[in-house]
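First chain A sits with chain B, and in the next complex the same chain sits with chain C.
Showing the complex of A and B:
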């Protein structure tokens, strides 16, 4: 029956992959411009050259973002690009949030480049590659594709972390980030290998219950052959786990039409009971461990405080927002693809819940004793990762009890939380970077800021109150937590909801401490006026203002977010 | 289950464990990184073993991607080590501790 290799021409959906292609080409263009501008344009100043690079980078992202938005409308949620990618609404909106974070980075970076004398070309090229990896990760539908995306974004972020070479802390942060990141990626690869070994595929979603649609043509002992009229073989984990069968061999049938061999049928041979739950569970645990590192969740969070403190502040912002949003989008697709298997969800549910609870506890307790701003924000972001993981665990439990309606609501709640989390961190890190050395160091330096810089103090207070979330409505952080905890309670995850609630009550201490320092404590005598040396650029001020406005806006009208998403 | 499949998996698990122990115990950054590479290649071995056992070509092809990524990682990693070495004149991981943690 096997006819060997057929003349199969892959179909490339150019409109679907255009955003990623543009980002990558933009990165290459930046590298070329950086090298050529000095030669081609005589007597160009460094400042002008950096300005050109900034605009090209921003333009690339805006074009890519517009294409993404175009793809979001009327997205089919079917795999494309040989099943390696799959753009559902969640993935596309996640990619838009990533691009927002990256655009903020571009708006804030000219000042950093000027102050620290950093190479603009390298920075923007790395940024574009990182963003390409992140956006691709949000729509990845194949485990090795996802691994490659995670590595692309990580490698770029390692270098960005260490890009301030005159500062030994920056290099040290890059060193720690790299060693621990490479260590974690080995776990990720082993996990992928185990999942592949258990199921025979690395694809997450197939073309929609293919197994059920296939007609059984021939039954043999221990194996049966399934034939579909689909041209390509792309069974996903969701289908294979659902059917409990592992494909072992594929073959294609072709007919001759007008002198060309055309593939008309694909057959997949499967064994009936080959799924080994142990391999699959091990694979799940290892992949989760690798992702937990990227998300700085509890047992794998050790790198976060050091890297957040050592990296240039706006790079920290990128690590805390964009890379986390992308990794969460992938994690959600991953657990959704796995959760159809009937024996598996209870164990994965337990695992996700415990990681979430430990992250919340560890993040909040760790932040209590921190005296430095960026370390405090690092622990706070560990805790916030835990809150989002509460949402993911709720999502799994909704899949277990097959409740599609609440499934959709929970996904929306997580997306809203990710958006709010991005805005709050953009504002907090943005203002910390704006204040320069004072803002990035000890929290004590914030004393009396309201008298010196009333607008910045107000913005920081808004960011802190929004990060605190529960207790004070009217900010996006409140609604994010409210939606996630509400879904957790209504899905019966009361324990996790309680942990999240207690955790955010604890967080009041360290968030409000900053507000108290700014508004109620007098400045120390020997302190220089914060921000005296700064020359803000318009884009910087604009993005800070925009983030603050959006935190307020969606804090008052959270429902409008869904109207935007379509 | 062929014995070669089982042996490959045992070898892969052993190499991976040696890698983990090495990352925990070694102090020199280069040794640390060598152990990480050992772990990655152990995972690759498991990938190929599964692929061979099931007669699917896919797994063997995917390993090539992982190897390419590992090579890129080595490039970036060694560059970071050199940057660290320039400012400190050593790359002993436990003495790189300006940031506490």
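Showing the complex of A and C:
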């Protein structure tokens, strides 16, 4: 049957998708090397093989990151790859932050692999696939593509969570993460279906042809006239939502008698139909719910403490930093596309604000009573997700039309926050993993650390003060919170700013408790001598030092961050 | 769908009825014919033409109207079951006894526990089976697309490269599981 859609060979923008292709090929190469290395090189030791795998993984990421940086410089912000991807500056820099978190993971993993006898090949292959999914998610311009990316990164992270097979808590964490994650994916895909049903497209931003034509008449009525002769799948969500109407293609069939045979004739015409706001809103709510799970935001955060505690610490670091940055980048692109709908702020602001406020309240209140380090950091990460969502709510309130300049500023503030958040968590989780059993368990075990290991204690104190943010300037966490709250206040979201402020003040108790334990309390007598089994590798020490230095550097000169973006 | 055999049976000439029924329903006479033969005229009742007619009817109306028959169907289906259950509850006579609880022509009483442990290796086999089963789905879709679009310029090399990449990825997976011993039973 003639569907009226002619097949054609898609144009592939190789330079644009090269970073993702390299990540995926790297993952496959790791799998092949893991299987075949001891056939190719006779008598290779396990340690040498793991070393080769580590270097290949790191090299893949560095090359991919360089290509990303190249793309960031000359980004056009136009969709490519049949509209499935769209690399704006925000997405590309988000991908760079993801790659940074993943590189830190690679630098820290040799010790974990050696100590717990983990399969290096599986770990690095899964890591590369996860990072491929995350980086694609930061530039995804299409809801189904985004869903696939989220699945790729989630499935890899489930397995990474449970990769420490000898530790039953790791398996428990993986199981909880998997069951709840699969549930959240169902929300996400149902929301995508509703949005498609309401608008007829899954693409976030169109090619912009319609918007260019609308330069003549920048009004919704003008958009409606232009939209009537298009197809839904040619248009992005932004264009359809801006017009407030969607094109509907109706096919009419007529049967005629030609000679002795009956011939069916098809005639197609395109009309427009007003959008159904209820389905659209329902789709938005469901997609938001799915993303909230991935971001461990308030009503969907239940998995976070158990998973953060059960997973190997550097995997926890990856979940807390890279996957969150990727999901936030997608959430922001999604919300930006929906902002073209004139009723979107009034429909969504209450929801976004309440999720942000509840996340901040719940995260901070939950962290107050925690006695274990990783659980405390899990609740702290819920609260930080809330702070970033304050930025997202502010972004919605300052629409792209009414105030493009402050829109850009808010985006930059969120990106800066995400970068700072990644650095702080890398440092905190890195030091906790460095200390081994002592650092990953009770906070009480940190007592007297400043005497035993002054440098590590200093680094942990820096991470805690930076996570605390407001109160002590000179760290990147301070400026991240300052920018986000400042934008919220100047956009009139004073209530949310107040909630963020109070939450931040509350968090002083549990962040500074760690500092107090390290510097002011004596070590418990029966504490085992720390560092007896420690064999840190150079990369580990280097990344910890680098994160600490960057926290200081951007804490003093935050404006330099924008110089990186070109 | 009116099946191929049904068409062949009722057609006057066999050559007009060749081919897959969906390609074009050939009927000895169009709708609104002068007389109704109950043995031949309703054979298209489950065929393509009524569907086309229904679609033409609904395509011009709104979505909610188009799905109204589905709603009616749902109400009838649920209502039928509910009414029957209530009727049997109201009208039925209940005299419970032990014999009625025994399995009758539904098997035999179970011996031992129905929960038995399954060797974990079966899960691995099932997993691998799923993987290679899924890849066939994609290959079939690819093959159909290639047949349909073979004439489009540049499509053939593009499709072949795509499939080569896909196969290469699968090959790496196969090598990996082979080398890791997932294919050996012991």
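Here is the rule we go by: the second predicted complex is superposed on the first by the 509 of 566 C-alpha atoms of A that agree within 3 Å, B and C clash if a C-alpha of one lies under 4 Å from a C-alpha of the other, contacts with A are read in each partner's own complex, and residues count from 1 in each chain.
In this section, a residue touches a chain if its C-beta (ideal position, glycine included) is under 8 Å from a C-beta of that chain, and two chains touch if they have at least 3 such contacts.
Since the model is a prediction, treat every value here as computed from it, not as a measurement.
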Touched partner set for A:169, first chain B, second chain C, both or neither: first
Partner chain(s) touched by A:158 [first = chain B, second = chain C, both, neither]: first
Which superposed partner A:51 touches (first chain B, second chain C, both, neither): neither
Chain C versus chain B, contacts on chain A by residue: B
Touching partner for A:35 - first (chain B), second (chain C), both, neither: second
Partner chain(s) touched by A:186 [first = chain B, second = chain C, both, neither]: first
Doubly contacted residues of chain A, that is, touched by chain B and again by chain C: 250
Complex contact set, residues of chain A against chain B: 144, 147-148, 151, 155, 158-159, 162, 165, 168-169, 171-176, 178-179, 182-183, 185-187, 189-190, 192-194, 196-197, 200-202, 246-250, 302, 305-306, 309-310
Touch list for chain A against partner chain C, complex: 1, 6-10, 28, 31-32, 34-36, 250-255, 257, 260-264
Chain A-facing residues of chain C, complex: 16, 22, 24-27, 30-31, 49, 52-53, 55-56, 59-60, 145, 148-149, 152-155, 158, 168-169, 172-173, 175-176, 178-180
Residue ranges of chain B touching chain A (in the complex, touch as defined): 16, 19, 23, 29, 32-33, 36, 39-40, 42-44, 46-47, 49-51, 53-56, 58-59, 62, 65-66, 69, 72-73, 76-77, 79-81, 83-84, 87-88, 93, 96-101
